[in-house]
């Protein structure tokens, strides 16, 4: 855990107040904080938007040997700044890739165990890290039919997950309306019992802090707060009881260098506005 | 059945004596008689040697649209005369092919049902068309360890089979020492009962005649004799009781045209000596 | 949509003319190979190599009640619902694309119960086609377990693995009645050589009971045979070949053109306020009024086409 | 040779350094990555792309007791038996090639019970690697049923299909400890682009716990990236890259050289009368006496090499 915190650029709160950080949007904060969680040499299954930006940012900072996978069947691409793909299935995703395979085969890499981290956004998450991107309301008579899982269910079933999302009470709920992508299901050993012995939620990165999961109960807990965010604030934005340690860490704010890279990658601010 | 006989260039014995045929070897006879069993538009999984020669002969005579498959992963090749491949897994097999796929995928075409006819040679066959290419003697302490099944078991399990082989009593046995490639197993419905509802032995072509299988008992029977071969002769060369109809058909001997094509394909007589 | 028995599957394949023969025909002729009520699988994914020309022809021909499956469904799903060509779509994700948000047309039809969006995981869709391609009733897999997606999926079963004792999911084979696949090039027999991303198309072609290829261009069989290891869909699976330049517009075709983004924005705008009326207006203007595919492209506009073409070559300009 | 539990399989993969890094080394260094007693899978098939240079290095290094698997085993099987490198070979067919008849060396070792030839159907071998590649414990299939091959195969099980009630065969996944694969070209990281026939190599590389590539030439990563759809084996599966021209001699490498037929005739002659003594003499002359791979090729002879090279280009001269 200590290593993780150190790696993620976290500083203990009692080490002092962070220096004034360059101005940034909530999305940029998500991208930077997520990027810092990725490690050199890892293989990351990334969705478009914040996850992709974060992965490229990691490649351009501390993890040049990071391998990015897209569910369209792309292994090890180098996306061109300003030409971010609209989904993970267009030729823009394939620029200067090492290898292209079928969709089924790139997902099977996940099943075979070749992927370290799955990295995606989330619409609704619950206490045990289950994600909903299918239905708001009752699935049989939904208030909103959402687009569905895509590769999300497969990634969440088979890899260690990082989820980047806005921290809002309506998104952080006690129990999701529908489990599209499994977190720890009902906590404890319920995930493994269902036939998912590998992978699971690793981190949830929000505009308020960085969250992890208790090793026993598998319930969500705060690992670090962003500068200026209090335990009360993050709890107020969460729809279930959220443990915050007394000596909770505080993250280092995004650097000017990190922000410059993000702005080069997404000059039109499609994903970082 | 009538159509089959007509198609295979067979004439009833009572239609008169065939004209003097050009001289040919037993292997050439096998190749010609087998080729005549193949039909325009079919897809044929062919082994090297006589099966391949027969398939090319059919392409160059009555079945120009015949599609040949090799177990190396080759679909629709045109083998160059004089450059017959040593196995079904070398580049000579791929000359001017329509498509190359993996071994597993070409065998799966068979399982998917895309192959009409499997066509191979045989070392030992029994009354129900089971083939042995694994062990002579007891499998636990064999007198001879043979090379094994290759794709033979898969082809015989999943396609209608034509087998071309020399007609010798030691090769036509009551029960094979070992079932490498399944025919009708123990006859009757035993093949389907074992989980093999599709395919099965269609014809055995030998230097003495053409054999089929009784639709009920699934035991081997004579469909036609080559010119000059008597019922007594073929029975004497067979290690189990072999029904020969009284009005058994007699095949048309190889034509000069057919033999010329074979000799162009295999000028060194590697397979037709 | 149950799993075929092996003998039925084999009989359907055997009944087809699988020989090496010329299969070139028009979009209109090819559309006659699809019957209302059948299961139609669509090649490509999201905004890539969508068989739009064939979908356009089917909607114009008035086909109805198709069950449609695809890896990920974009705007073609809206149009299939709105035209009545389909009221049942099986896929893992359904909307125009992430940047345009949730499809309002999909929402209108599914939330009112007039159409069904049957959701499977992306890998499950892929393995269902793969099982169909392999001629087996199922594939074993390790995702979807424990999720709501599994609860609502039709026909998946769990198995205690006889080798390891682990819980596995068995997803049932899909053998679509027809697969519609758009390719960069193929010959008159249907030997197709795909560049770039192949998505689920190769398994889909092997799984389907009929395949209709639309192609940017028809090349000679001689050209195909010079690089047989580039052939990804074999002639023996194919029943129709239709030459349709820009056949996946307004979506992209790898190496040739990128998506027609302005047109996709236009569609989003047209369906933003009143999704159903907007979709009908779109169908009228782009599907029913033009008299042929060139007319459809004309309505999208030359400038847009040239721009998509210019951007599309970028992958090879690098 | 049981099926790994999923957690064990994942742990083994996770423990590897799968990053994009230079893996170029010598044959001798690569040989140290293989330990006596391991399961080694061989790429290619019969007389095509056999990883002979790596087998040569392993036999010289004195590795013993390997379990060896391959689609179809040719002369390398004889030499693995005769050198003691392996006494257990899993394959569907075992002999030099049809034109040379039954292998007398294989017969000598197996009929005397000193070595085991475990026979599976060709498709079963392929599906066992494929299951291993997919990270599932088995693949369902429809052959081998009812045969003697099934009776003697280790660990296959039948299943009454929960969808159709049909009898299916489940063949257990193979996840070899090491796969040895010879390719036409790859980069220093192990991204390999194969031409022509791929046999079972792609599944094998994904299934194995380590991969050693020998390659006719090493190309730049830039060259690989210009045609990423031609990459068939990804760098992340690869642990060693060894540049060895004519690395599958005396067998062929598609598009570059055909089999060295005269040398294969020589081997058949040397082992015709006294198979064991003949194989030992062959090993001495071609495996132990040369000091390096060039020395081995020199013993085969320049004229033979040039002839194989000339015939090998024929596929592209057509």
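Going in written order, the chains are labelled A, B, C and D, and every chain counts its residues from 1.
Keep in mind that, in the parts below, a contact is a pair of C-beta atoms (placed from the backbone, for glycine too) under 8 Å apart; a residue touches a chain by one contact, two chains touch by 3 or more.
This is a predicted model, so every value here is computed, not measured.
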item: If a chain touches chain A and chain B alike, it appears here; value: C, D
item: Rounded Å distance, chain B centre to chain C centre (Cα mean); value: 41
item: Centre-to-centre distance between chain C and chain A (centres being mean Cα positions), rounded to whole Å; value: 30
item: Whole-Å gap between the CA centroids of chain C and chain D; value: 38
item: Touching two or more other chains - residues of chain C; value: 6, 135-136, 141-142, 166, 168, 196-198, 229, 318
item: Junction residues of chain B, two or more chains touched; value: 74, 94, 96, 100-101, 108, 111, 197
item: Category of the chain touch graph - line, ring, star, complete, other; value: other
item: Every chain pair in contact, whichever chains are involved; value: A-C, A-D, B-C, B-D, C-D
item: Chain C residues touching chain D - in the complex, by the definition given at the top; value: 2-3, 5-6, 135-142, 155, 157, 159, 161-164, 166, 168, 170, 172-173, 195-198, 226, 229, 318
item: Chain C to chain B touching residues, read off their complex; value: 6-7, 9-10, 13-14, 17-21, 133-136, 189, 191, 206, 221, 224-225, 228-229, 231, 234-237
item: Residues on chain C engaged by chain A in the complex (per definition of touch); value: 45-48, 71-72, 91-95, 97-99, 102-103, 106-107, 110-111, 113, 117, 119, 121-124, 126-127, 129-130, 141-149, 152, 158, 166-169, 196-203, 252, 254-255, 258-259, 261, 312, 314-315, 318
item: In the complex, chain B residues that touch chain C; value: 40-43, 65, 67, 74-76, 94, 96-101, 108-109, 111-114, 116, 197-198
item: Sites on chain B touched by chain D in the complex; value: 48-49, 71-74, 83, 86-92, 94-96, 100-104, 107-108, 110-111, 134, 139, 141-154, 157-158, 178-182, 185, 190-191, 194-197, 270
